[in-house]
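Both of the next two complexes hold chain A, though its partner changes from chain B to chain C.
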Partner chain A sequence: MKNFEYLEPRSVQEACQLLRQHGEEARIFAGGTSLSIVMKQGFFQPKYLVNIKKIPDLTGIRWDPKRGLTLGALVTHRELETSPLIQETFPILSQIEEDVANIRVRVMGTVGGNLAYAEPLTDLPQILIALEASIRVAGPDGDRTMSLEELFVDYYETSLRPDEILTEVLVPTPPPRTGIEYIRFSSSSVIDKPCLGTAVRFTLEEDLETVRTARVVLGCVAPTPLRARQAEALLEGKRYEVQRVKEAAAFASRECKPVSDLRGSEAYKREMVRVLVTRAAPRAFEKARAFRGQV
Partner chain B sequence: MSRFITLSVNEVSRRVEVEPRETLLEVIRDHLGLTGAKLGCDIQVCGACTLLVSGKPVSSCSFLAVDADGCEVTSIEGLSCNGRLHRLQEAFIETGGLQCGFCTPGFILTAKALLDEQPHPSEEQIKKYMAGNLCRCGCYQEILDAIQKVAGRRAVQNG
Partner chain C sequence: MKIEEVFVVKAPIQKVWDFLWNVEEMVQCVPGVEGAEMLDPDNYRVRLKVKVGFISASFAIHMKVTEKHPPRFLRSVCTGEEDRRLSTLKQNNVLELQPLADGSTQVTLKGEVSLFGKLGTLGDSVVRGKARKMMEEFSNNVRTKIEAS
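Right, the complex of A and B next:
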């Protein structure tokens, strides 16, 4: 690793100023689980590392029945996994975290880093996008809010400016009769990064048969997390039916853009998208019918 | 650019001069001479470099030493007490939970963190928690036996 100057701002404003001052030569440092690897490999050689872990405003998990869930950027994978508040309100997040990386990466790695790194092989973005999460971003000139979907631009590329910090993730309270299922599929060892991650979410009409909102979000099969919009459109506003799910899964399989790599060939991944959407949808549907205020 | 950091290493306060680019593993091994933690994969997959920072397992190969300033660090050397091995160390010997020993400090520290958090884990919980530590000699069953032995013994002790 090349040497660098290590900066420890105590507030978001101070951090943004440092980032503005040092421009491309600076880099935000949170848990360091991703950054340390590329720095050791020499892909990144920042002159200034801005450690944001001393900023108290970026921590904490909060829940408000009206606003929903707020996750500070520094919330770790392990906190999501073990937080009683998450287990009560969004158990899906805690369940999936059990399978993310390994215990050491979960202890250090943060939600903010997981999203802002925009690595394609991750789990959280699919679930959070399916739940219509948004993010708050702070810059030297103030804050802005955007949908999480808008964050992702390309492989390892986001719409954040170099002097901006992702400060919070907001997950709205799910509407009544909502259910979500996430299937994380790893084609080598269980602790490997996912080969595919498929989230399906339904919100049903009062008849508990008609799909009001459908979200089919695919991970690891495109440069960014991908909403299978044709699949969603096919499912929305109609009765839930097995045959329609099969057709939607076939759409999703065509809509994604996987590349062949050591975790599977392009054809294999397309087929697995079809399989996983078909498998996740009935579970999401049943969960929506049994909705008791949590997802 | 170097600076002084203060660490509590195995309950002894140590002041060390480090450069920002130095990892906690380098400081523990090269500055402090504690060579139990090993450099393995260097990408947080194998667990050979595991140390406990504030009681939690971390990959010290990827942890900046400056980031540990003010923290409590536990290495395998800190587990024995007055020349007596820790219960987990004894159990690993009894069950044959090691052959070459390269991964053992990481396994034992991870197991300690697990049992500190959850004194009576189920087999499933042990397997999940320990899944990120790799043993090339393949002593997984014996390692599981060792951890269960200690967890079981605690269960008896606690009535």
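Right, the complex of A and C next:
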């Protein structure tokens, strides 16, 4: 690894200024679980590392019944997994975290890093997009908010400007009668990065039969997390029916753009998307019918 | 990894061939090519910069034309090394042209890419996805340039 200068700002503004000052030569360093790998391998050699771990404003998990859940960018995978607040309000997040990476990565790796790295084989984006999460971003000229979906541009590429920091993830309070299911599938070993991740979320009408909102979000089958919009459109505004779910799953399988790799061929991944959407949908539907304020 | 692209150019076969056989020009259609130099009509030196998010890698590539049957067939092999010696690549290419009844030309581009070394850490699917995207862009650029000329 080449030498670099290590900077430790104490506020978000100071960090943004450092990023602006050093431009392409600087990089934010949070848990370092991803960045240290590419630095050790030698294909990324920043001159300045801007460690944001000492910025108190970026920490903490907060819950407000009206606003929803706020996750500071520095919240770790392990915090999501073990936080009683998350287990009570968004158990889906703590459940999936048990399967993310390994304990060492979970203890160090942060939510902000997981999203801002925009690596294609991850889990959190699918769940958070299905729950219509947004992110807050700070820059030298002020803050902005955008939907999480808009963050992802391409493999390892986001819409963040080089001097911007992802500061918070906001997950709105789920509307009544909402249920979500996420199926993480690894084809090689359970501790491997996912081969596929499929989130299905429903919000039902009062009759508990009609789908008001459907989200089908696929991970690892395109350069960015992908909403299967045709599948969603097919399900929305109609009674939940097994046959329709099957058709929606077939749509999702066509909508995704997987690449053959060591984890499976393109055809295999398409078929698995179909299978996983078919499996996740009834569970999400049952959870929505049994909704008690948590997802 | 094998990639295949088939596309139609609205131009007669000879015009398409002339464009493709002007190798120094043709390789400029590959996204990320920063320069090309002819060593002799069958050998070229090409500089390629590939960007994946915030990571970029520059390759010095030697392209050798191994078989040609104007105006229909061109086979070439590219070998290259990343500047920091992190990875090497090898790519076998076949270009086939076929005249169509309406006077346009169908181009079939077959590539077999192998990337060895540390860049693979970015993920097998990323390397493949990026290569596929580059091939698509190359096809688009070739078509646009020929049709505009």
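Everything below uses one rule, namely that the second predicted complex is superposed on the first by the 295 of 295 C-alpha atoms of A that agree within 3 Å, B and C clash if a C-alpha of one lies under 4 Å from a C-alpha of the other, contacts with A are read in each partner's own complex, and residues count from 1 in each chain.
Note that a contact is a pair of C-beta atoms (placed from the backbone, for glycine too) under 8 Å apart; a residue touches a chain by one contact, two chains touch by 3 or more.
For clarity, every value in this text was computed on a predicted model and none was experimentally measured.
Trainee: Check chain A with both chain B and chain C modelled on it and let me know: fit or clash.
Mentor: fit
Trainee: Treating the CA centre of chain A as the corner point, state the angle out to chain B and chain C, nearest 10°.
Mentor: 100
Trainee: Considering only the touch criterion stated at the top, classify A:Q21 as touching first (chain B), second (chain C), both, or neither.
Mentor: In the superposed model, A:Q21 contacts neither chain B nor chain C.
Trainee: State whether A:S188 touches chain B only (first), chain C only (second), both chains, or neither.
Mentor: neither
Trainee: Quick one: is A:S147 in contact with chain B, with chain C, with both, or with neither? Answer first, second, both or neither.
Mentor: neither
Trainee: Let me test your reading of the model: by the given contact rule, A:I37 touches which partner, first (chain B), second (chain C), both or neither?
Mentor: both
Trainee: Using the superposition on chain A described above, determine whether A:S265 touches chain B (first), chain C (second), both, or neither.
Mentor: The answer is neither, since A:S265 touches no partner chain.
Trainee: Per the contact definition in the header, classify A:E119: touching chain B only (first), chain C only (second), both, or neither.
Mentor: second
Trainee: Based on the superposed arrangement, let me know which partner A:K53 touches: chain B (first), chain C (second), both, or neither?
Mentor: After superposing on A, A:K53 lies in contact with chain B but is clear of chain C.
Trainee: Using the touch definition from the top, say if A:V105 reaches chain B (first), chain C (second), both or neither.
Mentor: Only chain B is touched by A:V105; chain C is not.
Trainee: Looking at the superposed set of three chains, what is the minimum CA distance between chain B and chain C in Å?
Mentor: Superposition on chain A places chain B and chain C at a least C-alpha distance of 9 Å.
Trainee: Residue by residue on chain A, keep only those touching chain B in one complex and chain C in the other, then list them.
Mentor: Correct list for chain A: 37.
Trainee: Name, in rising order, each residue of chain B that touches chain A in their complex.
Mentor: Interface residues on the chain B side: 1, 3, 19-21, 23, 42-45, 47, 50, 56-59, 62-64, 66-67, 110, 113, 128-129, 131-133.
Trainee: In their complex, what parts of chain A are in touch with chain C?
Mentor: 27, 37-38, 41-44, 118-121, 154-158, 220, 223, 258-263
Trainee: Please give the residue numbers of chain C that touch chain A in the complex, ascending.
Mentor: Listed in rising order, the residues are 1, 52-55, 57, 84, 86, 118-119, 121-126, 128-130, 132.
Trainee: Considering only the defined contacts, which chain A positions touch chain B in the complex?
Mentor: It comes out as residues 1-6, 29, 32-33, 36-37, 40, 49, 51, 53, 78, 98, 101-105, 107-108, 190-191.
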